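Encoded as structure tokens, the structure appears first; notes follow it.
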Amino acid sequence: MSSPKLEIKDVSKAFDEKVVLENVDLEVNLHDVVCLIGSSGSGKSTLLKCINLLVPIDGGDIVLDGQAITDAGVNPNQVRQRMGIVFQAFNLFPHMKVIDNITLGPRKVHGVGQEEAEETARTLLGQFGLLDKADEYPDRLSGGQQQRVAIVRALAHEPELMLLDEVTSALDPELIAEVLNVIRDLKASGMTMLIATHEMGFARDVADQVCFLDAGRILEQAPPDQLFSEPEQQRTRQFLQRIVEAGRL
Amino acid sequence: MWPRLPPRAREEGSRAALIAAGSTIIVVGLILWIILTSEAWPAVQKQFFSWFHFKESFPDVLRGFWLDVKMFIVAEILILSFALVLAMIRSLRGPAFFPLRAIVVTYIDIIRGIPMLLLILLLGFGVPALQLQGVPTSRLFWGVAALVISYSAYTAEVYRAGIESVHESQRMSARSIGLTQVQALRFVIVPQAIRNVIPALLNGFVSLQKDVALVFVLGVREGLREADIYNARTFNYTSYVVAAVLFLLISVPVARFTDWYTERDRRRRQAMST
Amino acid sequence: GGDDEDSAADTTAAPEETTTTAAPEETTTTAAPEETTTTEAVQACAVENLPLASAGTLTVATGEPVFPPWMGVGDDFFDVPESGTGYEGALVYALAAEMGFSDDQVVFVRTGFDEAIAPGPKDWDFNIQQYSITATRAEVVDFSDPYYTTKQSLVALPGSPVIGATTLADLADTRLGAAIGTTSFDFIEEVIQPNEPASVYDDNVDAIAALVAGQLDGILVDLPTAYFMTAVQIPEQGAEGVIVAQFAIEAAGADDYGMLFAKGNELVPCVNEALGVLAGGGTLQALEDEWLAQGGDVATITE
Amino acid sequence: MWPRLPPRAREEGSRAALIAAGSTIIVVGLILWIILTSEAWPAVQKQFFSWFHFKESFPDVLRGFWLDVKMFIVAEILILSFALVLAMIRSLRGPAFFPLRAIVVTYIDIIRGIPMLLLILLLGFGVPALQLQGVPTSRLFWGVAALVISYSAYTAEVYRAGIESVHESQRMSARSIGLTQVQALRFVIVPQAIRNVIPALLNGFVSLQKDVALVFVLGVREGLREADIYNARTFNYTSYVVAAVLFLLISVPVARFTDWYTERDRRRRQAMST
Amino acid sequence: MSSPKLEIKDVSKAFDEKVVLENVDLEVNLHDVVCLIGSSGSGKSTLLKCINLLVPIDGGDIVLDGQAITDAGVNPNQVRQRMGIVFQAFNLFPHMKVIDNITLGPRKVHGVGQEEAEETARTLLGQFGLLDKADEYPDRLSGGQQQRVAIVRALAHEPELMLLDEVTSALDPELIAEVLNVIRDLKASGMTMLIATHEMGFARDVADQVCFLDAGRILEQAPPDQLFSEPEQQRTRQFLQRIVEAGRL
């Protein structure tokens, strides 16, 4: 494998005095899926937002395809156009119908025509069982429906890299299977993904690498089989044991 | 299709509400009664609410009012557009935009502080007096310009309130799909912002409708000026009531329509609770 | 103090300028008027040579509406300045005739206060609506010589505490008001100096409304206006007014009314000349007797 | 504690922003230059911006302005409270509250349509003229009353914009913990609503500051009226500039402080992006 | 067991023309935990909101302790004071600190004193590992932290009946174990609960009864062992099979 698609080098971030990320190093290779696991508040969402340049970092570098995107002189818009991100809280645009939520980016940023954008959007909506919701407003969807729309919106973008923040958490099990299939398909089509998740089964199933984040630091990174069966760190073992107790592994 | 029955659970405080409404009506009625039966009422009525003077002054005030309406329409369109540009500039983030933001903030602060009348006098009399080449000397032109300059400062702040009431996560979300700051404002933030402040925008609309009358100091004979002249001529204030009635005939329907429209729009977008 | 002198210099300097600048070219084209003595100044004041706002007509600005007894007197002529009725109305036509205009060469236009005093060129020749001449005002506009000198008077409703006042001291504790921009207002401030500062209104109509609302004890106006006010305006507002007294005291500032011109208007000396002729020939006094001298005894208030 | 470096990624459009700011400054400079070097400028300057008249009129205008400030403070407090009550009533849901809501809507619609001047004249001259027992005749009282009545209608609509900009789910959430409608408004909706419309509320604040001057039609000698008197006496407009400067001395610091304060508050509550 | 704590009788609800609940019948006995399962959009959240009287129903009755709370003449506020609800989207009050979010109800509705309310709140926050977040604002919390605050807010209320909408979905596995324990404790202390969830493991673990909702109708209701192992309906079997595929049962 050549140089990684995404490199996070010694990245740190604090909100006011509170350190949320501390010297994080992480590599995501092209076509790989990396899962971020870790307790609530460990910094998973913050890390994803830093990569999308939505939250400025305090130290370190984020490198995409060999280019340091956190350097002065880089246009963050061009960087963001190459990534898709799904937020934990969906953040759909409430004043736009589902279909417009999805086509806004392609139309305004990538200059795709209205019709073409809508066609792509409808195809994707179909895959996620939402075709009949295309002309509905987000506030009138159920939680799971909103989350799926958010995923579609990020995908419509045709990104080189996807950042997914707990995309399966509000989904019912039937849909999880579907979304897993979509993610497997995406992976097969060569999409590089960084996924924050609490679903260990999901991580084990789909990830090439699993990263354990604890209090803003990466404690351990390994292929899922290795990390789940022979964790090196004491803290990781603890975490996994609680999961087993919760009946989730 | 499902038969929809009205919600059946009784809303709390319904009795209190009825009592409040009832007593308001009674109090208002009582005040009216005291006024209408007071000894001096006929004199006051004659001075402020005379049917004769209403009819007499109506044609002149109406003609002047028509000029108001025209000035108003031109001014309002310019104000709504210019103010939006100001508000958007003011909402841009990042140090690069600091000088632009500073210019807009200064503009808004200073203009709001200047009495509209002074601005109208300054532009309407001061600028033409300079006798500059190619600069219009029309009083109407400068009167409307002064209104636009002043109202834009206020309206920009209304827009800004709207923009800031949209949750930060919406901006983040818009940027994440690759929109520029300006695109994010234009397609995501501003449409929500405007919906959020429509009642406040309507305030500006209603009060501009009356403030266009201020150009009368420039000698423009618009509606309120005609009322003024009539009042000075007849010593009767009913002509102002005519002007008020004309204003109401426009502002009330506009307010009712806007409320109805925004409510419909909201219903289409949002879940409604009880 | 020093300010006054400046403006005085301004007004006296004006005629000289006119004579030197207005003369050269125009005189050659027009024949000198028949019977007049042919001095340079008189030639400059020939209708053809006047620097008029609109050639061939005398454009006179006044307020809207105009009030008796100044202009438009009589039910049919109310607010009709063209009727030539009222003191100022008749004066305008007399003046125009003296200057060589025929009656139909006189055109009235209406202006608001701010228009009259705003800087810049004007589309009228002069403005006449009881403007008091003061030095400060003369810095930004020009005035003609005075055409009338007023006396201040006090108007009130029956039962007002000002009724029966004979000295200024009797007015010390009363609430007095006047319209803005009048010498009446200055008179309260500077001469009467009551304990409560003078109230000031946009016009006499608002002042009367305050009187009726019980917020004022008396209004100060010039005597001619007082007659009109008690005869017409106050009854129209549903009350009854009386002229309490006139003041036998000179105002600190001048109580002289003059016609108002745009600053530097070269018409001023010509108007002054005509005005001088009217004053000298007794016309002004005749007009005053006809329009302003209302009968009846009015008490006087002294120091 | 972490060392905080400034964000390093360059914001898009920074060059365009600088160019825009630069050219604005150049254009403004050019306009000023043209005005100041124009032949007629000395005359205009003398009538609008004379240092002599500035000093001359300052003491009177300042004294009158002090009365404005006092009226303003009383009026603003009453307006902010009364308007909030109106807006809350208007935001109550359910058919039981319909009569109350209708009264408030009618009030707002009618009052906004009436020119403030007419309202002041009507209350300031008309009501005392009725000579009712126990009803004040003070023009200050009725002038301030008219301001409160009129501004409350506008301000209520600003509050309403704020209330409606709070997402429906917040109301639902507040009701779910057992709060009554009024409690939900008071503790949950209104605090968020006010934050959302602070710039628009400040508009009202700034313009009331100038509109208190309208009570001058009742003969009250406040700041703008003193400027008026000076202008009428001397035909010089500089006295209005004095009034404007006094207004600015209050409104600009208030605006800057409010912005600073709300920004700090926002930072404390919300995640900030670039 | 005597008469049920909560009875839902023939309840129907449509948004505009869209039928979301259709003749729903359901009973929740005192001290029981009932789990609602079903696909995304099947009406779980809507049913919970109807019970809390936040969404008016179109037909049927909801009976609490033998009293029809959907009748005209019932004060909905008094009804709501007896229930606690946690929304799928948390809906915390963003202008209040965490502690004030929690104490608002007890102070204003139940008239508890400031100090007492705060003490109770802090105890609960401690149980959910959030003691250090008491003085933070909701927007500065991670997704999982927000969800836990929402649960605490509903509990602070000391309700007789809890309505929980996917409370574990944004939680990390460690916390799920904790929340499960809290719910078990609640159950032990006699709390009656109705829980919408996608976590079958959780449902199986904690529920006395499981209810399968499909397109607005209750297709099947049974104790978890029975429903998960011998579902009666074809549709239920299908649903459960997909879950197994998703590795979630």
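First chain written, first letter: the chains are A, B, C, D and E, and each begins at residue 1.
Please note the rule applied: a contact is a pair of C-beta atoms (placed from the backbone, for glycine too) under 8 Å apart; a residue touches a chain by one contact, two chains touch by 3 or more.
No experiment lies behind these values; they were computed from the predicted model shown.
Chemist: Treat touching chains as neighbours and tell me the shortest step distance from chain A to chain C.
Modeler: The fewest touching-chain steps linking chain A to chain C number 2.
Chemist: Have a look at C-D versus D-E and report the one with more C-beta pairs in contact.
Modeler: C-D
Chemist: When the C-alpha atoms of chain A and chain B are each averaged to a single point, how far apart are the two points in Å?
Modeler: 46
Chemist: Between chain B and chain D, what is the separation of their C-alpha centroids in Å?
Modeler: 13
Chemist: Centroid from C-alpha atoms only, then distance chain B to chain C, rounded to Å. What do you get?
Modeler: The mean C-alpha positions of chain B and chain C differ by 41 Å.
Chemist: Using the average of all C-alpha atoms in each chain as its centre, how far is it in Å between chain A and chain E?
Modeler: Computed from C-alpha means, the inter-chain centre distance equals 28 Å.
Chemist: If a residue has to touch 2 or more other chains to count, which residues of chain A qualify?
Modeler: If we look for residues of chain A contacting two or more partner chains, we find 15, 54, 76-77, 89, 139-140.
Chemist: Among the residues of chain C, which are close enough to touch at least two other chains?
Modeler: 118-120, 209, 212
Chemist: Can you list every residue of chain D that touches 2 or more other chains, as numbers and ranges?
Modeler: Each of 10-12, 40, 43-44, 47, 121, 125-126, 129, 131, 168-169, 172, 175, 180, 195, 270-271, 273-274 in chain D touches at least two other chains.
Chemist: Which positions of chain C touch chain B when the two form their complex?
Modeler: Touching chain B: residues 64-65, 78-79, 111-112, 114-115, 118-121, 203, 205, 208-209, 212, 233, 236-239 of chain C.
Chemist: So in the complex, which bits of chain D are touching chain C?
Modeler: Residues 40, 43-44, 46-47, 52, 121, 124-126, 128-129, 131, 137-139, 216-221, 225, 228-229, 232-236.
Chemist: Which residues of chain A touch chain E in their complex?
Modeler: 15, 37-41, 44-45, 88-89, 140-145, 148, 165-166, 169-177, 180, 198, 200-202, 205, 239, 242-243, 245-249
Chemist: Chain B touches which residues of chain D in the complex?
Modeler: Touch residues, chain D against chain B: 10-14, 17-18, 20-22, 24-25, 34-35, 38-41, 43-44, 47-48, 92-97, 99-100, 103, 108-110, 112-118, 121-122, 125-126, 129-132, 154, 157-158, 160-162, 164-165, 168-169, 171-172, 175, 180-182, 195-200, 202-203, 206-207, 210, 213, 224, 237, 240-241, 243-244, 247-248, 251-252, 255-256, 266, 270-274.
Chemist: Any idea which chain B residues touch chain A in the complex?
Modeler: 169-170, 172-180, 183, 187-188, 191-192, 195, 268-271
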